[in-house]
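Input: structures, listed below.
Each of the two complexes below includes subunit A, the first together with subunit B, the second together with subunit C.
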Partner chain A sequence: MIAVERNFDTPRWQRIALPIVSLVIAAFIAALVLAASGHDPIATYRQIYAASFTSTGALTATFVYATPLLFTGLCVAIAFRMQVWNIGGEGQLYMGAIGASGVGLALGGWPQPLLIVMMMLGGVLAGTIWALLPGLLRAYLRANEILTSLMLNYVAGLFMYYLIYDSTSYWRDLTSPTALVFPQGKDLLPNASWPGIPIGSFTLPFGFVAGAGLAVLLLALIRFTRVGFEMRVMGDSPAAANYAGMRTKRMIVAVMALSGALAGLGGASQIGDFSHVLDPRGLQQAQYGYTGIVVAALAQYNPLAVVIVSILIGALINAGFALQGPSFPPGLVGTMEGIILFSVLGGEFLGRYRIRIGRALQQTPAVGDASGSLSVDS
Partner chain B sequence: MNSDIAVAIAVSAIAYGTPLVLAGLGELLAERSGVLNLGVEGMMLMGAVTAFFTSQVMHGPGWAVLIVAVIAAGAAGAALALIHAFLSITIRVNQIVSGLALTIFAGVIGLSSYAGQVWNIGGQHGVHQLNKMDLFGLSGLPVVGPILFDQDAFVYLSWVLVVLVAYYLYRTRIGLYLRAVGESPRSADAMGINVTAYRYTHTVIGGFLAGLGGAYFTLAIAPIWTDGLTAGAGWIAIALVIFAFWRPDLLVVGAYLFGALSSLGFTLQANGVRLPAEFFSALPYLMTIVVLAGASTTLAKRRIGTPAALGVPYVREEA
Partner chain C sequence: MTDKQGGGALFRTKDIVRSSIALGLVTALAAACGSGATPAPSVSAASAAPASAAPASAAPASAAPASAGASTAASQWTTSHPFKAAFIYVGAPSDAGWTHAHELGRLAVQNAFGGRVETMYKENVPEGPQASQVITQLVNQGANIIFSTSFGYQPSMVAAAKQYPNVLFEQATGTALAPNLAEYFGAGEDGDYLSGMAAGAASATGKIGFVAPYPIPEVIREIDAYTMGARAMNPNATVRVVWTNTWFNPATERQAAESLVAAGVDVLGDGQDSPTTGQVAEAAGLKWTGYDSNQESFAPNAWLTATTYNWGPYYVKEVTDAMNGTWKSHFYYGGLGDGFVVMAPFGKSVSPATQAAIIAKENAIKAGTFDPFTGPILKQDGSVGVPAGTTLTVMQKYALNWFVQGVIGSPKG
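Let's turn to the complex of A and B:
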């Protein structure tokens, strides 16, 4: 017989081994999908590796995608860990980009360090507000935050389109003759560009460093502070948190706001680090918000692990854009992300349960079993 | 508003509401068994791309092609639902994350887009489409004619399904067992009902119906395939199940209301109302939030609707 039994403690080595095993399994399943659709899996994996890691140019490109994923990954990790299901990272990132580019355009003449701080604040504020809406609805009206935060992704996307393509908004470039035919956003001044950190010919984006620093802070917040402790209790058992007199409603709102702030900062980084203009199509094409779910799950909702995983998934997305063509269709990236997520879920199961093949442990006597604990030897 | 505009709105409400009815009914069945499947959007997209591909490459009489295309779409949705069923029922992972995984896997930048590329159907114009059927020759009647008697086969099918599901849930023994599984799997198990089998079956049927809902987009609403063409309809279908308090009759009302909202922009702009197109496009999403907030407080106050075991895996040894 095959029995599935609960494992109550997860050894530390398993927490590191499981994501790696999941990735290997995912690579294998994805290879089957590739082979089934007439592609050579080994060649495809080689291409992905070459496009994302082998040269400093490739590595720089990988970090272009890793940086937003670091923020959306943290956004999801912090929320899901607390059982607050914020799926709105996508829209919160758009709003962050709108906020940061608005600030960057308005304060273009300010000294650079101050301007960068203001842009970050603009992104954080916009992302927070966008996340507070589903957070408040969940906490005080019990509206399912999965659906409300997700609906707001579509609204934010449409709002961004409206600003650039369908209005004469502050964000839109209305001066150059080409911009009147092909609508585009206003370019930010050069001093609104965030300075990258050059390491040889490789450039580490400013946003990635900031995000990694935030990841450390978040880990400290969860591990060492009272608020973090309450959050962990709520994540493990909302009912227990309630009985212990913790203010769970406020906590839901706070977690949602923090989560939205992180995604909003990711949007600000998109403007400051990379595009320097509000570009709706560029922001939407990679689905950073949804991909953040994959990043966070693979990182087992641990902020520090998100830093590393964001680079891995960033490499995959970068390869998707770099290799786009008949041998590497666009849908492949999402398909692989989905397979990775399935494998992670399967791996979590292996960590939580033991599969015992053969005789089950005789912990409780079977009905009518006289040799069990009922028989007292005298 | 004169009656012509009202009829036009009603007709388009039904057109845009039909995929919501189908996918919503599927999700309703799955949730009644206690399985929350957030993969509806992904299943609909796979259904849409599969139906379109099948209808493009198959030869034969139009009705036969369409039947095969529709069944293929349902099968694609069901196959995806099976993944979710395995993950959430057999190995008991978090149903929210598993459903999201399904939508990422099959969604806008996932398998549905990949399949569209591999099958090379982007930019093609549909050969076979569902045509309006003049039922009993009554389509000429004023007002009710175009609304009730001049629809395509899918709309009639969705009406039949609503009645069937309502009858199944409230008037049959297995429907009663299904509700028991969703409310209290432990009691159901003690009664000798196979909880796992009920959950698998209804999750997979749910996927089949979501696939059909997706097929309606490419076979009836617009004869083309583009990535992500359902634009969140799957998510609205999930929200509809909550608005409808898990009841098929209310689900239809909600679906047509949202269908009307989705088409309101075209109707109003055709009648000279000038507002940004993005505003009308955002309306269904904004309305979902408003109605969800309203429905949730009602639910909380009256304590009705939600299957008690929704989203909770059932483990006989641990319950």
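Let's turn to the complex of A and C:
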């Protein structure tokens, strides 16, 4: 018989080494796939590296993808770690974009630093409100937040379409010639563009710097504050938290609000850093909210790791566009992404659990047992 | 709970996503049927045609772009130093529809020039800030001319044209022009009128359904023409519209088509990038008109005909001009007449009489004696859309935002 057992004494070095070894294994498996499909693996990896980081404009492009993933990754990481399953990052990002672009349009004449702060607040507020809906429903009515937050993604998406396609809303451009041919949002004034930080030919988006700073703050919050401690207990065992007299309902609402605020800020960054207009199709086609779940999972819900993983996934998406062509089908890029995800998550699983073939020990906590596991890495 | 359960929950969301699409669609349907009160910009506003987007007849013969163009001669491009033409696709060439038709165009270029031209393409490129990054990549990879094949790329193309004056840009279905940025598309609505005739003749109940992507003038005028064609054959025919808010998403297209089948239509049409609607029609034993490409093989029994776009000759001409240094910015609007729009072969169920009627109209359009958008045309509410004796100009068609009589649904999504 085969038994899966919890590995309780994971050493610290293993938690760092494991993802790296998993990545190497993923690279090896992907190399086999590449070779089997008639592509030189070494040359392909060189191309990926160049397209992601070193060729002209590549690093800037990588961060265009990485920045929103940083925010949605943090959104998921903070919620999932506390066992609050917020799948609504996608919709919260839309709402953040709506809020930030509304503020940016309304306060276009304000001094730039103040305007940027207001746009961020607009995004945060909108994202928070959108996340509070499923948060309150979960905390006080026990509605499954996976379903409610997911459904609200579609509501937010349709609301965004309503604003641009189906109404004469404040966001919609009703005057320009192109808007007559294809409904579009009003462009924000140049004032509302968040200034990138130029480093040589590379431009570091302002939003990414803000997101990385937030990641550090979040880690500090979780590790060093009382609230963080309570969150960790709740993440390990909601029952224990309840028993210890912690206000778990409030905690769920707070975590949901924080999670939504991060996604909302990601929406604000989409407007301020990149698009400067509310663009429903662009936001919806990108699917940053859902990809954020992948980012958070790869980062094992650690905020600092989210920063690094968002850059790596951003690089991979960016390289995916550079590589694809008649001789390199994009399906191959997707296959490589899948192999990496599978290896890293598989490696994490094998690090946490032992697979024993033969007789099982008595009373071992099986997979799915209520005993904690997240406590180990916090 | 442990991590494993977390992982399990994550996995389950996939099923939830799938099932929730249905709910999203129902909401979309409700929105499509419910709205109708908001005032929309009138057509008359559009007739003050945008200065930047002159119709074909008044195409700016402005100076050749400040591109490599002026100094290039065709002989400059060799197999060791090929001319590079790049294409940006919103879907995948395997979509069997819109992008597939562009891919045939790209292959036509490759076949026409052999090793002297290197073609590249990027597929599934989102229509947002990412598009700018992909354009930059293509420029860095040495692209001499870039064709972008969806309207949503226009802002990125306009910005890129400014940023890279030595590269030529061509935007399909758009309106913006610059010395190194051209526009190209064709009168798909003329073809849709003919498809609509086939649909109207095939419908026993007079109830036709249409799976439509975005509530934008390009799609609205196609639905209008389709409806007018259907009513030319079947005066009481109605066309029920369901919006999908996507160009290419077979799952959503399927749900939309099935909702129309459930609503009791007996012929389906679509303006989507994939032939999914046809597969639904085939399974339900209904008839179907396709779009973009010849999709007969996907639904051989349902198949009636389709409006298809023949991008190849246009792309070959543009690349030739660019290689010769004779490329000029322009606003190209092709049609049935010049072979840009082509009707796909008729399905076996289209009767000889219907075929004859359609071919007669097709010849009239080619000869310039018939335009579907010639008045009198009544709007959905019975008011006059186009007065008798008037024909809409290209720019008026580009800004058309109302449905004709016979359409069931809202032109505002």
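General remarks:
Throughout what follows, the second predicted complex is superposed on the first by the 292 of 378 C-alpha atoms of A that agree within 3 Å, B and C clash if a C-alpha of one lies under 4 Å from a C-alpha of the other, contacts with A are read in each partner's own complex, and residues count from 1 in each chain.
The rule is short, and it goes like this: contacts are C-beta pairs under 8 Å (C-beta built on N, C-alpha and C of every residue); 3 or more make two chains touch, one makes a residue touch a chain.
Note that the structure is a prediction, hence the values are computed from the model and not measured.
Touch criterion not met for A:T225: it reaches neither subunit B nor subunit C.
By the touch criterion stated above, A:L283 is placed in contact with subunit C alone, subunit B being left untouched. Within the superposed three-chain model, A:S275 lies in touch with subunit C and out of touch with subunit B [touch as defined at top].
Touch criterion not met for A:S201: it reaches neither subunit B nor subunit C. Judged by the number of subunit A residues each one touches, C leads among subunit B and subunit C.
In the superposed model, A:L147 lies in contact with both subunit B and subunit C.
In the superposition on chain A, A:L341 makes contact with subunit B only, not with subunit C.
With both structures placed on the common chain, the touch criterion links A:G57 to subunit C but leaves subunit B unconnected.
Shared contact residues of subunit A, touching subunit B in one structure and subunit C in the other: 6, 80, 85, 87, 146-147, 150-151, 154-155, 158, 161-162, 166-167, 286, 293, 297, 330, 345, 348-349, 353. Residues 5-6, 37-38, 80, 85, 87, 133-134, 137, 141-144, 146-148, 150-152, 154-155, 158-159, 161-162, 166-167, 286-287, 290-291, 293-294, 297, 329-335, 337-339, 341-342, 345-346, 348-349, 353 of subunit A are the ones touching subunit B in the complex.
Residue ranges of subunit B in contact with subunit A, taken from their complex: 38, 83, 87, 91-94, 96-98, 100-118, 227, 231-232, 235, 238-239, 242, 276-279, 281-282, 285-286, 288-289, 292-293, 296-297, 299-300, 317-318. By the touch criterion given at the top, residues 1-10, 12-13, 16-17, 20, 23-24, 27-28, 31, 35, 38-41, 45-46, 49-53, 92, 119-131, 133-134, 136-137, 140-141, 151-152, 154-155, 174-176, 214-218, 245, 398-399, 401, 412-413 of subunit C touch subunit A in their complex.
Every residue of subunit A that touches subunit C in the complex is listed here, in rising order: 6, 51, 55-58, 60-61, 64-65, 80, 83, 85, 87, 146-147, 150-151, 154-155, 157-158, 161-162, 165-168, 174, 177-178, 180-183, 270, 274-275, 277, 279, 281-283, 285-286, 293, 297, 318, 321-322, 324-326, 330, 345, 348-349, 352-353, 367-374.
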